[in-house]
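Let me begin by presenting the structure, written as structure tokens, before commenting on it.
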Amino acid sequence: MSTKKVMRAGILGATGTVGQRFICLLSSNPRFEIHVLGASDRSAGRPYSQATNWKLSDRLPENVASMIVKSCNPSEFEGCDLIFSGLDASVATEIEKSFMEGNFPVFSNAKNYRMFDTVPLVIPTANPEHFAVIGQQRKEFNLNRGYIITNSNCSVTGIAVVLKALQLTFGKISKVMVTTMQAISGAGYPGVASLDIMDNVVPHIGGEEEKIEQELGKILGSASTDNTSILSDDQLKVSAMCNRVAVIDGHTSSVSIEFASGQKPSIQEIKTCLSEYRCMAQQLGCHSAPKQAIIVHENQDRPQPRLDRMNENGMAVSIGRIRECPILDFKFTILVHNTILGAAGASMLNAELASEMGLI
Amino acid sequence: MSTKKVMRAGILGATGTVGQRFICLLSSNPRFEIHVLGASDRSAGRPYSQATNWKLSDRLPENVASMIVKSCNPSEFEGCDLIFSGLDASVATEIEKSFMEGNFPVFSNAKNYRMFDTVPLVIPTANPEHFAVIGQQRKEFNLNRGYIITNSNCSVTGIAVVLKALQLTFGKISKVMVTTMQAISGAGYPGVASLDIMDNVVPHIGGEEEKIEQELGKILGSASTDNTSILSDDQLKVSAMCNRVAVIDGHTSSVSIEFASGQKPSIQEIKTCLSEYRCMAQQLGCHSAPKQAIIVHENQDRPQPRLDRMNENGMAVSIGRIRECPILDFKFTILVHNTILGAAGASMLNAELASEMGLI
Amino acid sequence: MSTKKVMRAGILGATGTVGQRFICLLSSNPRFEIHVLGASDRSAGRPYSQATNWKLSDRLPENVASMIVKSCNPSEFEGCDLIFSGLDASVATEIEKSFMEGNFPVFSNAKNYRMFDTVPLVIPTANPEHFAVIGQQRKEFNLNRGYIITNSNCSVTGIAVVLKALQLTFGKISKVMVTTMQAISGAGYPGVASLDIMDNVVPHIGGEEEKIEQELGKILGSASTDNTSILSDDQLKVSAMCNRVAVIDGHTSSVSIEFASGQKPSIQEIKTCLSEYRCMAQQLGCHSAPKQAIIVHENQDRPQPRLDRMNENGMAVSIGRIRECPILDFKFTILVHNTILGAAGASMLNAELASEMGLI
Amino acid sequence: MSTKKVMRAGILGATGTVGQRFICLLSSNPRFEIHVLGASDRSAGRPYSQATNWKLSDRLPENVASMIVKSCNPSEFEGCDLIFSGLDASVATEIEKSFMEGNFPVFSNAKNYRMFDTVPLVIPTANPEHFAVIGQQRKEFNLNRGYIITNSNCSVTGIAVVLKALQLTFGKISKVMVTTMQAISGAGYPGVASLDIMDNVVPHIGGEEEKIEQELGKILGSASTDNTSILSDDQLKVSAMCNRVAVIDGHTSSVSIEFASGQKPSIQEIKTCLSEYRCMAQQLGCHSAPKQAIIVHENQDRPQPRLDRMNENGMAVSIGRIRECPILDFKFTILVHNTILGAAGASMLNAELASEMGLI
């Protein structure tokens, strides 16, 4: 890896929750160096340490603290090899488009372009083969270098990785019932008021159930044969019920599934399938790829967010309590670190993959 | 109500979590006066205030504080009209039987006798008609006055009340998928270690899923035509996934159901059915009956345990987010106060019902 | 009490956290009926239930839910006998003045006028004799009926009641060291972000230490002999360190004090003094007066906010762990419900007192 | 460092909370390898992974998971160069003595021997010069190699490091008032019941205030001129008030101090003194020594346990809000990671220091 070129990265929305996580992850990644930090005009012109309200327990790297924040204008990002976007959905449509058209590869955590036919919606340990439509996206916009690659909503991430692994071995999934118990960090900062979540559960997260129901089908779908668009898995029925709980990081989900084939593998076959799952990021030797993309727990009270979210530096999906379901085929508990594999970490590994595939 | 006889109540397991709640509820109930407090031999002989580690925010009533705790022997409970049991399952089998055979009506929160054919498993706002098998129970044991009536596991309570109301109007339910998010008070004291639940979710509660899957069928079942046993609803398929979350009181559940008939009422019909549901405890004017047995919430982020668990003094079930399910028919969120309607409050209202029905 | 006139109350800032608590308390108070609800222009014209985001576990009274919110203009409050203000400090200066000049008695929870010489800063169970300067206040503004009476910052309330009781028996206090552990509800809604307080302590609350250090001296001071102003206790040295902790309601303080006399009573004398303390609100038979203004705990792990904050409906101060201090004279732990006796409850009892004293 | 001998370590109480932290820290320490794990007879003979209930978010190292647990008998620890003890106080007196007499250097986290005249009570970043009495300890027990070195109670650790640094520059401290807000991990596992700490503060921790008041004097004291015993600082008056709060790791303290000299340095001089403080562990280049032993925060809302406890891998003390105190001289907030520098990390760095000083 050491002989490879270090890529210069720009970060959009650098002062927000996802932006902070980008800084944290990129700072210790040998493939990237942080070149430009972009944020709102209110922050532009100030040293990063003053423009942000740093909320991670990892300390703000000193060299980043003194960087002067720029406005989110492509002209300010000259020299960047690629762009990471942690922009809020309210502004991402315009700004990300301007960077893409400015011929930057954009790795976005925003929801705005996820469901576009020629925009890959990629969880790096699940479906990087969807990068195949990048050519068509460039063609549409007449670009030689720029594009947008998105990663999924945090709550869909863990489920999608597991279902992708199962689907590769046992065929299509037809039904997914999921109840999420989501961490407060998913709402950003200040995000969830403490009066709303202490000693409480909030049984609603705006737009989240719709995102799960839509995005899962696209991620488990595939590129058309001519690589001009991603075709969602239309056979898949998804029912999601989303809850906010008093957890800092880590989304836990109780999931029940049914296979389309009508044939059920054994529980042991499922465990073996998941444990032995290897993804492209591992095969290509990407720096941020987890050694184990899916960790199968045998203890009946695991996975738990506090104990398991940081497995493989937050890039693994944990699964436990795999057992038969009296109504669908199987049920289990899934855990993912919502701001690492579920957000900034996914964008970062997507970028590593794109680089290995010659797309940067 | 004031002209009715005040019944003298004995409490088994008075020093435990459920026992404390019994004391709290009975102290403000005009139909009952606390006559004897029973606990383990370790506690017997000591004033109650010294024998227990009071953990409720309601203060320990002064007249109870000075009562001398007795051992759980029927001879110590002379003069009691009825017995409430908050005994631990590890000792309830022997002790409750000795009281029943001692000709005491026993209202038990323990799981030990719940699934016996001639033992009513009753949520007072759902299925008090199951008291009909008391005659057979007495016959088996050759008793004229004694019997055991149980109430259900806390996590099944809220679901059962809602499904009973739906079933009365729309016919049998065939499938129930439920994911619970249960409060720490359900595990008693000291119960859940703080290191296990702070910033965490524990995706397993020993025996809880089995109890939901079994008890729901019995509660939604009916007495045989000759009133000799309760017949479980064998058509019902239940799949439960139980989680512990950082909530003090109040079990929240994400539930999805399917009707057996294959016909779906409208959402408005469901809301009307639940809002207008009246139970026998209301019709008989029982003191502890909620004015509204089921409260239907329209705000999409409700019910929430902190805000809604004490509705109707903890005797109501709250439901919200009623909507169609892409896989089964409907899904919604249910909340119940686990130590009131889900435990001690249920026993208490069962006793009021039994009294009104001439069973005490 | 039933023969007394029911007073019509207006509430300023009715949609905020303190406003909600006013509604809750006044609704069950036989001396008051809620007549007008005032809030910002954004809320004015809407039914209260839509204008507010109700966050109390007590349910919003139905008759209040449908009241139309008014703007905070005295002309809208015609017919009100008195005004309760839960206004934010950023707007309280102008608005409260306009109501006072409109000849309304204003009972304010805002900090803006607390330190004015002719404005009583009164904790109802500590220093209602400070109402004596009302005459001078009216004279200054040429009013026959209007005035402003303030209550103290929530964190100073518990300490002040205890010190006032001690001072009456043992003479002046010369030094007070206090470390507070304050509840999130003290910051209003949305207030403290959950990411800031879960698994955390925040060792700073803006302006809070200054308020304690200033207000305590005024509360423990006395009216000048001609009742023209309140003279602060200038001998008193106060050192406060304020922390936010993960508690919903109830401010806990670790306090150490020294008596000015150089003479130390015994610990038993202190306990007796506090237990036997009777305040004017009790003597006048005010509806909201606690039966016991100060509750002395003997258990060494009490008071605790979850278990003790609602003692006497939140109108009592709890104290425990009274022991000698190796540096000052005595140390102990104090607990007060910050939004009841520490805020809305204090205003309400102040109004009851003012009524009994012929000031309304 | 790489040319130095790797020391073989035994761990007593390996299955407990402190034992788990020892394993975690020693596993990544190049100077030590874990050679024997000792625990109660109940655990002996079982693989470590089955004998313990691993509660750290760092994963249990695989090579440790399979080690067979031994009983805490010196004969089982043959080949160990040194012993770390995380034993419970109820058994530490006998067992630690047997290992010391078995000629093992014992680094103990238990309180049992802390106050013995010839037993060093050492925080490695504060007072390693107290090792000087080891010779006398060996003489008393007629040993050539064995001894016991203890580290302090977790709650005293942060304060002691700061006061030691101040004392070196500005002379003796005469008064210390401290109110602690302590993490639940300080009570071990299962430790604090969740019902006791959620939405709560517990204003008492058994024995903790006494330990702070005693241990601080010994740590700030010095060896007698002939190195035969440690002389406590008898001029120091300490008043401690200990509270448990809902924090997982990290003890926060509000502290006020007075210098014995009657002369007050400036706040800037204090900040400079603390920032520039260098300890012996740094000078000797110990692997686990923090780069910065004391981190001075300028943001007024810091340090906070969630954000700052892991600074310098948990081996630094954080201080903030340094300001004048109206009663004593200065006040400030101190934070220390209670299970790292406050427990296992201290023992580990003490062992590194002892090794550098030729004591192992």
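Think of it as A, B, C and D in the order they're written, each chain with its own count starting at 1.
Methods note: contacts are C-beta pairs under 8 Å (C-beta built on N, C-alpha and C of every residue); 3 or more make two chains touch, one makes a residue touch a chain.
A quick map from chain label to UniProt name: A, B, C, D = Aspartate-semialdehyde dehydrogenase.
Quick caveat, the model's predicted, so the values are computed rather than measured.
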Statement: Label-sorted list of chains bordering both chain A and chain B is C, D
- prompt: Moving only between chains that touch, what is the shortest number of steps from chain A to chain D?
  reply: 1
Message: Counting C-beta pairs in contact, which chain pair has more, B-C or C-D?
response: C-D
Query: When the C-alpha atoms of chain B and chain D are each averaged to a single point, how far apart are the two points in Å?
result: 48
Message: Based only on mean CA positions, could you tell me how far chain B sits from chain C in angstrom?
response: 40
Statement: So, in whole Å, the Cα centroid of chain C is separated from that of chain D by 43
Message: For chain B, give me the residues that contact two or more of the other chains.
response: 55, 198-199, 246, 248, 306-307
Statement: Seen from chain A, its contact residues with chain C in the complex are 55, 184-185, 189-199, 246, 248
- prompt: chain B touches which residues of chain A in the complex?
  reply: 175, 177, 179, 181, 198-204, 213, 237-239, 241, 243, 245-248, 252, 254, 256, 300-307, 320-321, 325-328, 331, 333
Message: Can you tell me which positions in chain C touch chain B when the two form their complex?
response: 54-57, 59, 198-199, 248, 306-311
